[in-house]
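One chain, subunit A, appears in both complexes that follow, with subunit B as partner in the first and subunit C in the second.
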Partner chain A sequence: MRRRPALLPAATVVALAVLAAPLITGNLFWLDTSALMAVYALLALSVGVSFGLCGILSVAQASFAALGAYTTAILSTRYSLHPLVGLAAAIVLPAVFGYPFARLIAGMSHLALAVATLLFGHMLDIALREGGDFTGGYIGLSGLPPVPGPDSATWLHVASWGMVALVAALLGSLYASPYGAGMRSVRNDPMRATADGIDIGHMRGVALSVAAGIAGLGGWLYAHHVSYLGPESLGPAVSISVLLMAMVGGVSTVLGPIVGAVALTLLSTLLPGAEAAGMFYGGTLLLVLLAAPKGLTSLPALAGAQRGADAGKENGR
Partner chain B sequence: MELAEFVVRGALLGVTYGLIACPIALVYVTSGTVDLAIGAYVVLAAAVSFAAPGSVGMLLAICVAMVAASVVGVLSSLLTRRYQGDKLIVILASFGFAMMVESFVLTFFGKDPFVRQSGAAPVEFLGMPIARQSVISATIGLVLAASVYVLLHRTMLGREMRASADNARGAAIAGIPVRRVQLATFILAGALAGIAGVMTLHGAGLIFSSAVPLTITSLGGAIMFGLNRPLHAFAGGVVIGIVESLSAGFAPSQLSTLLPFAFIFAVLAFKAMHGTEMAGGRA
Partner chain C sequence: MTLMAEGVTVRFGGILALDAVSIEVQPGQVASVVGSNGSGKSTLFNAIMGFAGLASGAIRLDGRAIHELPAHRRVQLGLCRTFQTPRIDPESTVFDAIRSGGIMSLKSGLFAACLATPRGRSEAAGIDHRTEKVLEELRLAHLALARMGELPVGTIRLIDVGRAVMGKPRFILLDEPAAGLSHAEQDALKAQIRRLASEGVGVLLVEHNFRFVSDVSDHLTVLDRGRVLGSGRPGEVSKRPEFVRSYLGSFAGKASAAASPRAADTAAKAPAVMPMPLMECRKVTARYGGIRVCFDIDLDVPQAGVVALLGANGAGKSSLLGAISGLVQSTGSITLDGQRIDGLPAHRRSECGICFVPEIRGNIFPAMSVAENLELAQRRLCAQALDRMKAELEQMFPRLSERRFSPACMLSGGEQQMLALAMALSLKPRILLLDEPTQGLAPAVYDTLEAVVRAIVGNGIGVVLAEQNAAFAARLANQVIIIADGRVSLRTGAEILGDRERLLRAYLGAEPQEAA
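Up next, the complex of A and B:
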């Protein structure tokens, strides 16, 4: 099998972010969109780790992000702690929560597991709404401090895509490592993985824990970028959107979820209204599933294979 | 006495969940997959019936739900062929379609609740006043569930449906048009979901975003007693209705909406721990 270049996805992210920077500098709309894109890219990467790498079809990624976002929001507004303290807490808390949660649901079939994660998302949603003053209830929490650093929109672009590139680099190394191969075998054939001496339950726990930590980072970025957080901000609907983004881009690679997040966020800026977004997201997913089974990032390889097949036919004649 | 009243009300409410859980199991039995857009058909039918009043509107609503379901039926057939029977892809695709339908309803029917109260006086049932509409709905639901049982176990089509799920290749060799039978099941599921939508419109009502909660509640009910038995799925839906009604009656108000979800979660976790999981195959 071809070796997977571990740092290529991260390098691609950095290159594209640098290329995009001069185009969008000074345009507040695009700088804002760029930061949101980075948030969705982090959440989609989280789907990539849980589903693409380890085969856990979790539809609760935005809820893990909400855990992280609410943690930093409560720490910074109620206890006036620095956002960087919130950053550590926003990554650690979902990650620590993710492991036992995964152990609890790891024995379920794909379908039951998806339902269980959906249920978790809705339960957290209700808990946040009923949380009274602690979570801000229906009104949410506002007045969060901005992302630390120079007070400029360009810095936000640099910081947020820097985070995406960092996560992509870490994941690239994970995906290329023997440990990542073990996780992949849990997804592809659990029985074979058990025979190879892999503790499936533990592996799924680790994968979901890592995924939850990445989602928490996305939640932190969202909270301090938008500086407002309500139950709708990172609710169950966002979980579904980021799952579709990861699937559209190609869920089993590092670059795929990022491409999907960028593509669908760009698409949604072109739409007349937010109401119609679901039709385009869902429609894109169906088209991609039918046309390019491994997502948009597999299109070049797919075209190459087609050319090869055509050439083969020519030669055969 | 109060307890009994909540149980009866819950069972009447649960008939709607049962009516959605039943086709979920039916699709699972024939195609080995699950249509997660089923809650979206319920909402779509309710929206259409709300916009077009009268019995013509109801019929139209059920037809629209059937058309929507047939889209997923065709997709399922295409994707199963393309991915060599990976059931998970069909589940994901149906989820994508659910998003499309939800957004369609939001765009064209708005975000106001779809509900139509009937002015009829409540009827006495075991000494308690019960809305006439819920008695009618429950009767329709029970009759439909019984018909599904008869269809599946007493007719030729039912036998073909079960054969297609059990061993698609063998059924095809035996001359059963497997794909057509599976498509028919999807459309039948859409019809049942459409009826559930019209019933809910005249009962509790719903909004565009009810689709996903409806799907997971009914799917939870379907999984509870075994996803491969449509009648058991119906019973599971009724049980969840009772849990919901009891929790609304006796739990503190902050917890009342959370408890039914927690109950389904606990059932799923319990089943997974005891290895009695019947739901979903290996990807």
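Up next, the complex of A and C:
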């Protein structure tokens, strides 16, 4: 009873991806944009799990992605392993790292925790630059094999959004489950959650671990799509923009971060004015956050509430 | 099969919050802890549950020491608590809120949740089913989809109890569950507590509402400043003088003073029909978010008169003063000298002449000197008015001039109260709201305080005096309003203060409610 519709977000993603397919097939620019959008969607979903579901304000999502991306890049270029081996490693390594990292820092206040994750991003950045031949240093790693599958740009579209839909399906079940409700209560009120018998340290560890795994998947997709990886590719700036995407779309729902990623990527692609584009981008962001503080996906509910309030007024008259 | 706290001592820095407190709850028993604000009741709860560390002593469940375990482990072992201020997510539905209490019983983990495995789903369905059952038991099934933020506090507290029950606790700790509840809601809560006890759950209750406590408890422990003052059956404990003193302030100890000719005097002096009031409050309801703490209170304050608000701790006196001053959210109308002020923010009301002196001298800045504190309060006065004000205050509070360079925190309680009043008067108030000015003061200071308040009234200022100490209020009041459970339980002249029996009944909320 009263289940959240667990598979609705995934179904929406599939439907939109299918609808978009004929529009962009044959247009390499849009196919490329579509794959990048999917990468951002995965990173924004990762923000959704850590911050939206469990309340860990992490600004290291791109760094987790970089961890995954470099893992698969090193495995496939240095050791000539198949990208699918890299896929497993790119998810598992950040996830395994995420749990102890969260247990270490999750007791901090929001701001201190955000700073700690930002510092982690910078440390990783330096490590990648100073990693010599192993990480490719400042030059980075190039010549990565493409995403496995048929050699067609449309396949890339299908594969990337398939991944997003799969993650959305898994998260949809998680968000609808009592286990997800436990994570949500850790976000809302840690003391209350403790009084409900929930081990909040463990929950935060699990949430960040899942988030890091999803980011790692995003990193894998990025690495094999772009086929080049440098320290700048998935740096702290990306962490901040995916955080914004998740906030704009609606951080506490499954669909929200995906909508945010699509909307903001479209916005930055379509906005006029080259040099001044950043200004329009910032202004639009500000407007969205003012009009819908809980994100774009909360707009229908907001409109519903408004209608309800109007109806109430009319009844009052 | 018992929950025991043995010689529990809790310190916060240098402050001894609990001093060797022992308490025991048996399954099926309702045990209560009463005591005034700051007596350590909530700290005791926190110590038992693991939210506060023990300096010494032990918490035992069935003989097993559990005070080293983290809080969530103790909950999993069968302890459960509610919070004094319900901790709710206003967006969540009632169903989800109650379901939260059952999450810890999940055996399946993350993968079952993500993959929606049959086992995970059947467990989830089991929790949902139990949630529905609890909703029905509480007669809240019709509210399952309502948002928590839209509900009155009584319902929220019931839901909180339901949430605790979801974990199938063996011992449940209820922190002031009856505060802010209507009588019907209190009855529903009592029924729920009794049913829990009859099912073999041990209930530990912290509560200000004495009538409620004596109705449901098998055993009562009185805490006073972190120590156990006494314990026993409720009927028996409530007769002991140390209880009455702790619970009602010095009212009982000074009952003779209340009946003194002075009180009768004041009563006689007070005109039977009040002149046109300076401030009128109509149907004032104070609320913290969705939680209402006092209901539909009417209050008239005359120019140059004292209205005493009496009532036990937690009755809603401070919240009412907060509502009048604009610091606490409220509904209802407040009119000062014919002008509506209830729409104004607190600082505008202060400019209109409403001046609030919070309890424990909350308007003074402890680290600043007496002179600095006064300068702050007097910053709006022009040079001439400033000189006049200083002379006036000097005459009224000679002691403050002597100590003008001491930090306020180094003053005695009495001196701090004088400073608080001097600061309030510096704002040239028309209405002065005094919240428990006698709190923590030695009776020796009462005379000075009384003289000062009389002088203030003599200057044409209307005073609302919220007091727990009925004897002190009796010396000054023209009119007495007794509040119990957030409602006016008795409205009368000062002569009531000589009638100890009736006063006690009104304090405990036993007087018939005022007709709406």
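Keep in mind that, in the parts below, the second predicted complex is superposed on the first by the 300 of 317 C-alpha atoms of A that agree within 3 Å, B and C clash if a C-alpha of one lies under 4 Å from a C-alpha of the other, contacts with A are read in each partner's own complex, and residues count from 1 in each chain.
Heads up, the rule we're going with is that a residue touches a chain if its C-beta (ideal position, glycine included) is under 8 Å from a C-beta of that chain, and two chains touch if they have at least 3 such contacts.
Everything quoted here is computed from the prediction, not taken from an experiment.
Contacts of A:A195 after superposition on the shared chain: subunit C is touched, whereas subunit B is not.
Of the two partner chains, subunit C is the only one touched by A:A181; subunit B is not. When subunit B and subunit C are set side by side, the one touching more residues of subunit A is B. When the shared chain is aligned, subunit C comes close enough to touch A:L170, but subunit B does not.
Using the contact criterion defined above for the overlaid structures, shared-chain residue A:M123 touches subunit B, although it does not reach subunit C. Counting contacts as defined above, no subunit A residue meets subunit B in one complex and subunit C in the other.
Partner subunit C is touched in their complex by these residues of subunit A: 1-2, 6, 170-171, 173-174, 177-182, 185, 188-189, 191-200, 206, 210. Chain contact summary for the complex, subunit C toward subunit A: residues 49, 51, 70-73, 75-76, 80-81, 83, 87, 89, 92-93, 95-96, 99-104, 106, 108-110, 112-116, 120, 123-124, 127-128, 132, 144-145, 163, 167.
Of all the residues in subunit A, the ones that touch subunit B in their complex are 55, 57, 59, 104-105, 107-112, 114-116, 118-120, 122-123, 126-127, 130, 190, 236-237, 240, 243-244, 247, 273, 275-279, 281-283, 285-286, 289-290, 293. The touching residues of subunit B, when paired with subunit A in their complex, are 34, 75, 78-79, 82-83, 87-89, 91-93, 95-100, 102-104, 106-107, 209, 212-213, 216, 219-220, 223, 254, 257-258, 261-262, 264-265, 268-269, 271-273, 275, 277, 279-283.
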